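Handing you this structure, nothing more for now.
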Amino acid sequence: MVTPLAIFAAFLATGFLLPLADKLGRRVSATLFWALLAGFAGLAAYYLASFVAAPGTLEIYTGGFEPPLVIALRLGLEESAALAAVAAVALLAAFSMRKALHEAPVSGMMTFLMLVMGLSGLVLTRDLFNLFVFLEISGIAGYALLGFDDRRLAMSAAFKYMVAGGIASAAYLVGVIYLYRLTGTLNLDLMIGSAGLEGAAGAAAVFFVLAALLVELKPFPANGWAIDAYEAANPGLGALFSGAQATAMLFALYKVFPLLSDAHLAVVMWAGIVTFAFSNLVGLRQTATRRMFGYSSAGQVGFVAAALAFGARYVEGSDFAWLVAGGLLVNHLLAKTGLFLLSAAFESDGDGSMKGRPGTLVAAAAGVLVAALVGLPPFPAFWAKWDLVRVALATREYAFVALVGAGGLFEAWYLFSWLVRLVKGGADETPEAAPVPVLRVGADGVGPVLAALGIAALGGLSAWTRGFTDPLFWAPLAGGLLFLALDRLPGKLKALLATAAIAAFGYFALPSMSEFQKLFALMILGGGALHAFAGGYLTGRRAGHFPLYVMTVLSLGYALVAESALGFFMAWELMALGGYFLVLQGAKGRSASMIYLAFSIGGAFLMMAGLQLGGGLIGGAAPSPAALALVGLGLLAKLGAFGLHVWLPGAYAEAADDFSSFFSASLSKVAVFALMAALAVFGEALPGGELAWRVVGWVGILGAVLGALAAIFQEDAKYALAFSSMGQMGYVLAALAMRDQMGWTTALYLAATHFLYKGMMWLSVAGASLRTGTRTMYLMGGLIKRMPISFVSFLVGIIALSGVPPLTGFGGKWLLYHSLIAKGWYFEAAASFLASGIAFLYLYRMIHSIFLGQPKDEHRTVKEAPFWLVLPQLLLLVAVIAFSVFPRLILDPIMAVVGARYPAAGFAFEGQTLVSSLGYWNGLLTIVVVVVVFVLTFIWMVMNLRKPRLVKQFNIVFAAERPFRPETTHFAFDFFAPYRRALGFLVRGRSEKAWTAVAGLATSVAGAIRRLYTGNGQTYALHVVLYVGILYLFLGVR
Amino acid sequence: MSDIKFTRALADPDHALKPAGRPGPLGKPLVLANDGLPEEEKAWFCDAYPTASGPYKGILENFLNWARSKSLWILGFGTGCGAIELRPLMTSRFDMYRFGIQPRPTPRQSSVFVIGGYASVKTLKRIVRSYEQMMGPKFVVALGSCTINGGMYWDSYNTINAIEHYIPVDVYIAGCMPRPEALLAGFKELQRKIRRGECEGAVKYAENFEWYKANQKKVIHDWNMPDYNY
Amino acid sequence: MSDVNIVTLIGVALLLVGFYGALSRPNVIKMIVGFAIADTGVNMIIVAVGYLPGRTAPILDSAADAAGAAARMVDPIPQALVLTAIVIGLAVTALMLSFAVRMRRSGGGMAIDSYGEQKW
Amino acid sequence: MEPSIPLRIAYAFASLAVITVYGLLLIGSMARISAKVQGRVGQPVWQPFIDIVKSSGKRNSISHGVMFWLGPVFRLAGGVGTYMFVPAVLGSVVFQNFSMSGDLLLVMYFIFFGQLGMALGASEGGHPYSAIGVSRGLAQMTAFEVPFALSIISIAVQYGTLDITKIVMAQQGGFLNWTLFTNPLAVVAAMIAFLGMSGHNPFSVVIAPQEIPIGPPTEYQSNLLGMLQTNRAVFNGAKLVLYMNLFFGGATNVPVMVVKTFLIYFVNIFVGQAFPRFRTDQAIRFFLGVPTLIGIAAVVLFAF
Amino acid sequence: MRTIPADIAERFEVGPLVSKRADLSTLDVDAKDVPELLARLRDRHGYRHLSFVTATDQIEEGVFVLTYMLHNHADNHSLGVKCRVGRENAVMESCHLLWEQMWTYQRELKELFGIDFPGSPRVDESFVLEGWIDIPPMRREFDTREYSERTFPTRPGRSTKDPATHMKEKLYPEAL
């Protein structure tokens, strides 16, 4: 094995040779430079491979003596991994900086090499003073590179950096020399366990070393200089700082851990996690990309440090550090490197505006990088976070968990905002701006794509090593990748393929499902297939839609069959991620998708905490009210329960029409599924007992009332349907909260029928808005004559939804009221009456405004909706009719499922009559009577018609006048103005305001905090000094 | 602004009243020209040619005529000053409800159109429109001298002189103004005529559609509606 | 353990004086001077830590031969270290000065707070 | 003994005929009573029959489309169906109708069937006033549903059932057993809701003839109007029978039914003649105010 | 006795203030001075209310006399400002900026007399007469009877009776 000393030799030799070689021409020196970097990378890879194959360590003593006489180096698995990381980032960064490096004087390349060498030294050395030397080497090289291109900003940033670095090195030196004084050695291994470390002096000396290393890790709030450096640096250099330097520094910190007492470790842990939370909080206000990445980097490094310290404090062995800190670090390293390189390629200036939009591949890479950084599956940070939170909850570090959650949420917000700016172009304020052209970046895209690939591969590896070998688990990702590869195909073909893919998934997944799972599989996979088919309704390729759609549907499918909590949770997050991107693809999806994302991530974090708290495994977990409460809260966010619903209307409405339909009809049901499953796992007890369930019931009912009320005031058809869905899911929630046979039968029935008729309605509206080119209802009108099938579908949908007999909806109402009254929830029942009355209003208003009333001139020639939309509607229509005539078709399976959990009490069938303790309902007889009466009446009408004359739209009695424009004759705008006067005060968006206030608070706090970063190097230096002092105080207090 | 052109009306010298009840010309077109409408507005209005329904005969028709006479729904459209005399009919003193007469706010559901006195050209346009929107059989009661021969407005430049040139009239009630008692008497007369099967104004209107339309168009110059308002 | 001697105290004092200067003087050059002073202070502390009362300098000469060196010399390692530290400190100071010059040339002032364009 | 299917259908027709005739006479007589209040003689009690004959005897009609034609069909089917789901006379085979299809909830929701269909038909007419009328009507409906629902919940709690027949049975044996006396608050709430349901003053803004010519049916004429008029009788009858069953002890024979429903309907006239009209928003607030509180009190009284 | 305010007298060539009643006077003024005078009356002399604007056709003199009737609520006095406009190509300056409702009157005058008010809103649209194609009907050269006979078919046999004599004949034939 080549001794690592060769690295230093090679770097130093090349460093001296480069100016000579440069005399022969830049080509020669550049070749030398690249050859060295490549060789270094190759060597690092070789080390890594050999240590993976044969674990062990290689101790290297310079000069042939043993320590303490000489400087010792160590090369083991950990070191070689860190070296490989440094080498990889260095290669990518150098590639990104190739132009600058080739054009600048040769000293640029030299300095670059010195920086890399310094970082390698940091990784390898076991000598504290040597560590200092490498610290300074890498530091000086870093300062020099930062100020290399003579920009004033860069130079001042470098100067600030130096000031902070100077303070840190002074502290380090003082600490080291006293350690030497106390232990008599500089060798780390000999120092560990030395008696000299005991006592106050030892603790103080260690603290100085630690403080210096911490300062170098850029802790909040003493990191203004670092943020400036990130912002001013060339993006490649930024990647190097954020990736390689942070890795080396973290490794250095990790090295000294054995010296640290628990109090020291606690300081590291809290300093790290506070940095994570607050750096990301401040990042919220940031629009300049690199500065934002700077905040993110500082936060991420803090997070890794915190995880390391946490592991050192609470977990035996180094596996935890490997899995968690290593996972987080490698995740951060690759993701941030990729992002810095992306910003180099696309950022036009420091103000956050973009030169252009990336193509599909680079956009996908950007999505992967951001998602990875935020800790979404299947990337390494996701798995690391899962473990970290598990242990943190087990050790009752709840504040730690809360900070992890908060920091992740903030980071997700601004990183995804940046992603939106990148892939959609323009600034947030101008969503309607002209489409931004695609920018072909060529070779500059290689780095980000490689980073994305690497991170994805590592993520996949993490999953695989955790025992996820089930093909169904991989199906969502595989499906997504497959359709990404097929993205060039025409949209209609992809729609068919997607339908087939989802059907195939169903075919393989169904046999292993329980009845309960099958019921939901019908809604989710069946709905997924239907809507995949409907996805063919648009012309063109629909670039990017199908990969995300298939991934989302299949991850929902996997969520149904997942056997471990982790598997379920990963599917859940994947689904949220897919949903986010699908909403984002909508024309005006920006802000809607961001709000959706925030609630998804927040909810998912709560859910993760709950799952962990409850034991982490589906099946065999102990009943836990707290776990149920957390998981339930997360699920309520997904369900759009009242109070947590603010994301819902926008997300439902702004996604592509077919996905809106799937979102509302199918996707929302998975929360019902999960809630039912969670009840089975964690027991039914909530903190607060029965009263808490009553509150949940009321949350559902309030959602039903206020959702419906909000729906009637919408002018946008999709918003109306979205609020309607919120209301309908409110009923489901209330029914669920009853937790008895009647309640759950009701909940499942409502969920199933909502799937049927809401799908019809969404698709029908999709057709109408496709043909008319608008979603605003009062701009449509009179489409019945042009789109009769869509009309019938919508009509059946509204009759079913409103609960008017004889269609399926009435069954839902009947079950709901019977179960509510039987349960003794009388006022809930009364409020449901109000809600279902209000539902009439928006339903009528929608069908009137869209399909009836006055047709507009420009819609005189519209055609029926495309076959792709009509066929799914017809299928759903048939299902609705079938279930209406024979309610047992759907109620029998539901009652069987519920019966497995709750003993039959309340509902039972006698023949075709459903009997409860309060009454009875015979669906078949009802529909027969209604149909007979209807037919007889119809015959009477036809027989009595005298010379019927079909007239045109303006042949109306208009107070002896004539109408002049259809637009002014179609009464559709602000349809329920009196209702607004009477009850509009109930829906003035208080939840929105409350959440906006929360968000406003966060950004205000961020705004206040970031005043710390004055831009004055001296202030930053003061921060550093004070920070060290305060940390010391903390240590003393503890 | 001062380029006003004082032009004489495009007068038609033929003012003679054509004999009523004359069968219309054979081979009527199926579609109305609707010349008064711009091309882009024609699609908004039905352009079918009005056809006569009736008169019918037989026991059933007699029964229906009786029912029609007992259920007179007045279009609530006060076309002139005579409308003020209709109001007392609803009061307890005159109580037209006794006779099955009641006001109805929409022409679709009304069977009696009461022309309440003088009809200016501007009002005539609305009268024609509302009359055509009523469902047959429909009846017209014209009250006041103005509807008969112009009354005190006989020489006015914007009040028509004889309403039957524009729509068929079943009963005239003379007076300026006729008192509510006279109105009641008129309604009783209308009921008798209906029962006798003599009130076929709708049929007359359809059969002599061109004549009525020509008369109407002669006075209504800004004809911005279809030729027949369904 | 008697670490407290006059050199240590002076070193600490210099360190503090240096930091005070670096933190309180807005002039960039004065800040650099402050850091140089602090560096010197640190170096003195290092040397002082290696000092053992009554011993000789770690030079193999008549005062101390190779066999008795360990008993008669002060600890040589800090002195070796301080050389490195001085070199590094020098490099850093030089780099800082060169940046200061270049910053001045690029149009900024001599005061550190005139370089606060990047903030928040 | 369960009657055979054909016999049952025949009974249903007979029952329907009775309620139609009775409903029309009820409307006629109420109009006459109103006239008396206003010091008039008023129209003959059989005037509704003549009006229907006249409307159906119109010689031509217009239509705005399929849904326009179907509107009255929905409306009348809704009225007839509602009646079909209510047992009109306790213990009578003829008047049992098809009440075995479902309980009270079925009836309550089937009421919407006709309203929805009518609203759709009116909408296709394209007349803005139709839509305004529907908007007002539906808005008002949601409001009066609340006290009505509370009242229903109260009696469901009281009798432990939503089965109409059982509710009637529970009220047999003397008028003191009627809900009116056993649960007066619920009856008050329901009767106030009934005012709104019937669309008489003060809740007649839906058809407000002076501003929006009679609201939803503005464009309806000829036999379509005739169907709507017929429905008014049947639907009124169904609602009255329902109220009688729920609150006033039901009926064991037709004369009792006639007397009771007449008196219930009379409340409308009584109130309607004395009060002016509410605006829509006022009506909504009214129903969600005191009547709702009364309904809540009724529930509280029996539930806790 | 009302007098013409001094500032008006010195600024405009006004005729004598003719007092019709205690609360009504008229004032003749040249047509070109009307807008300025009206503004001054409105702003300085309390005539804030525009009652109406009307015209009379003085065909003999070949002029229209326009009357702007203003009212002073403070001392309950109406003042008619009269001016004369030539009948041929009658044009008058529009005053709709003084009182918003003025345009309605001006539109009416345009339709019924043919007096044009350039710049007045919607002045060329038809007002009460829809589709009028003859000379404006309020001009005295317009023969309404001739127009009526020419345009509106009438019922033959119309005769006019003196109501008093007629009723006497009907009710008390013996008295004759």
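As written, the chains take the letters A, B, C, D and E, and residue 1 is the first residue of each chain.
The rule is simple: contacts are C-beta pairs under 8 Å (C-beta built on N, C-alpha and C of every residue); 3 or more make two chains touch, one makes a residue touch a chain.
What you see is a predicted model; the values in this text were computed from it and never measured.
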Contact distance in steps, from chain B to chain E: 1
Given chain D and chain E, the chains that contact each of them: B
Chain whose mean Cα position lies farthest from chain A: E
Chain whose average C-alpha position is farthest from chain D's own: C
By count of C-beta pairs in contact, the leading pair of chains: A-D
Central chain of the complex, centres being mean CA coordinates: A
Computed distance of Cα centres, chain D from chain C, in Å: 98
Chain A and chain D: spacing of chain centres that average the CA atoms, whole Å: 53
Gap in Å, rounded to a whole number, between the CA centres of chain E and chain C: 105
Centre-of-Cα separation between chain E and chain A, whole angstrom: 77
Junction residues of chain D, two or more chains touched: 58-62, 213, 218-219, 222
Shared-contact residues (touching 2 or more other chains) in chain B: 53, 106, 108, 230
For chain E, residues contacting two or more additional chains: none
Touching chain combinations (by label order): A-B, A-C, A-D, B-D, B-E
Touching residues on chain D, where the partner in the complex is chain A: 56, 58-67, 69-70, 72-74, 76-77, 80-81, 84-85, 98, 100-106, 109-110, 112-113, 116, 119-120, 123-129, 131-132, 134-136, 138-139, 141-143, 145-146, 148-150, 153-154, 156-157, 160-163, 213, 218-219, 222-224, 226-227, 279-282, 284-285, 288, 295-296, 299, 303
Parts of chain B lying in touch with chain D, wherever the complex brings them together: 53-54, 56, 63-64, 67-68, 70-71, 76, 91-92, 95, 97-98, 100, 102-106, 108-109, 111, 135-137, 202, 230
List of chain C residues in touch with chain A within their complex: 1, 3, 15, 19, 22-23, 26, 28, 31, 35, 38-39, 42, 45-46, 49, 77-78, 81, 84-85, 88, 91-92, 95-96, 99-100, 102-103, 106-108, 112-113, 115-120
Touch list for chain B against partner chain E, complex: 1-2, 4, 6-11, 15-17, 121-122, 125, 148-150, 154-162, 165, 215, 218-223
Of chain A, residues touching chain D in the complex: 782, 784-785, 795, 798-799, 802-805, 810, 813-814, 817-818, 821, 824, 826-827, 829-830, 833-834, 837-838, 840-841, 844-845, 847-848, 852-854, 913, 917-922, 925-926, 929-930, 933-934, 937-938, 940-941, 944-951, 953-959, 969-972, 975-976, 978-979, 981-983
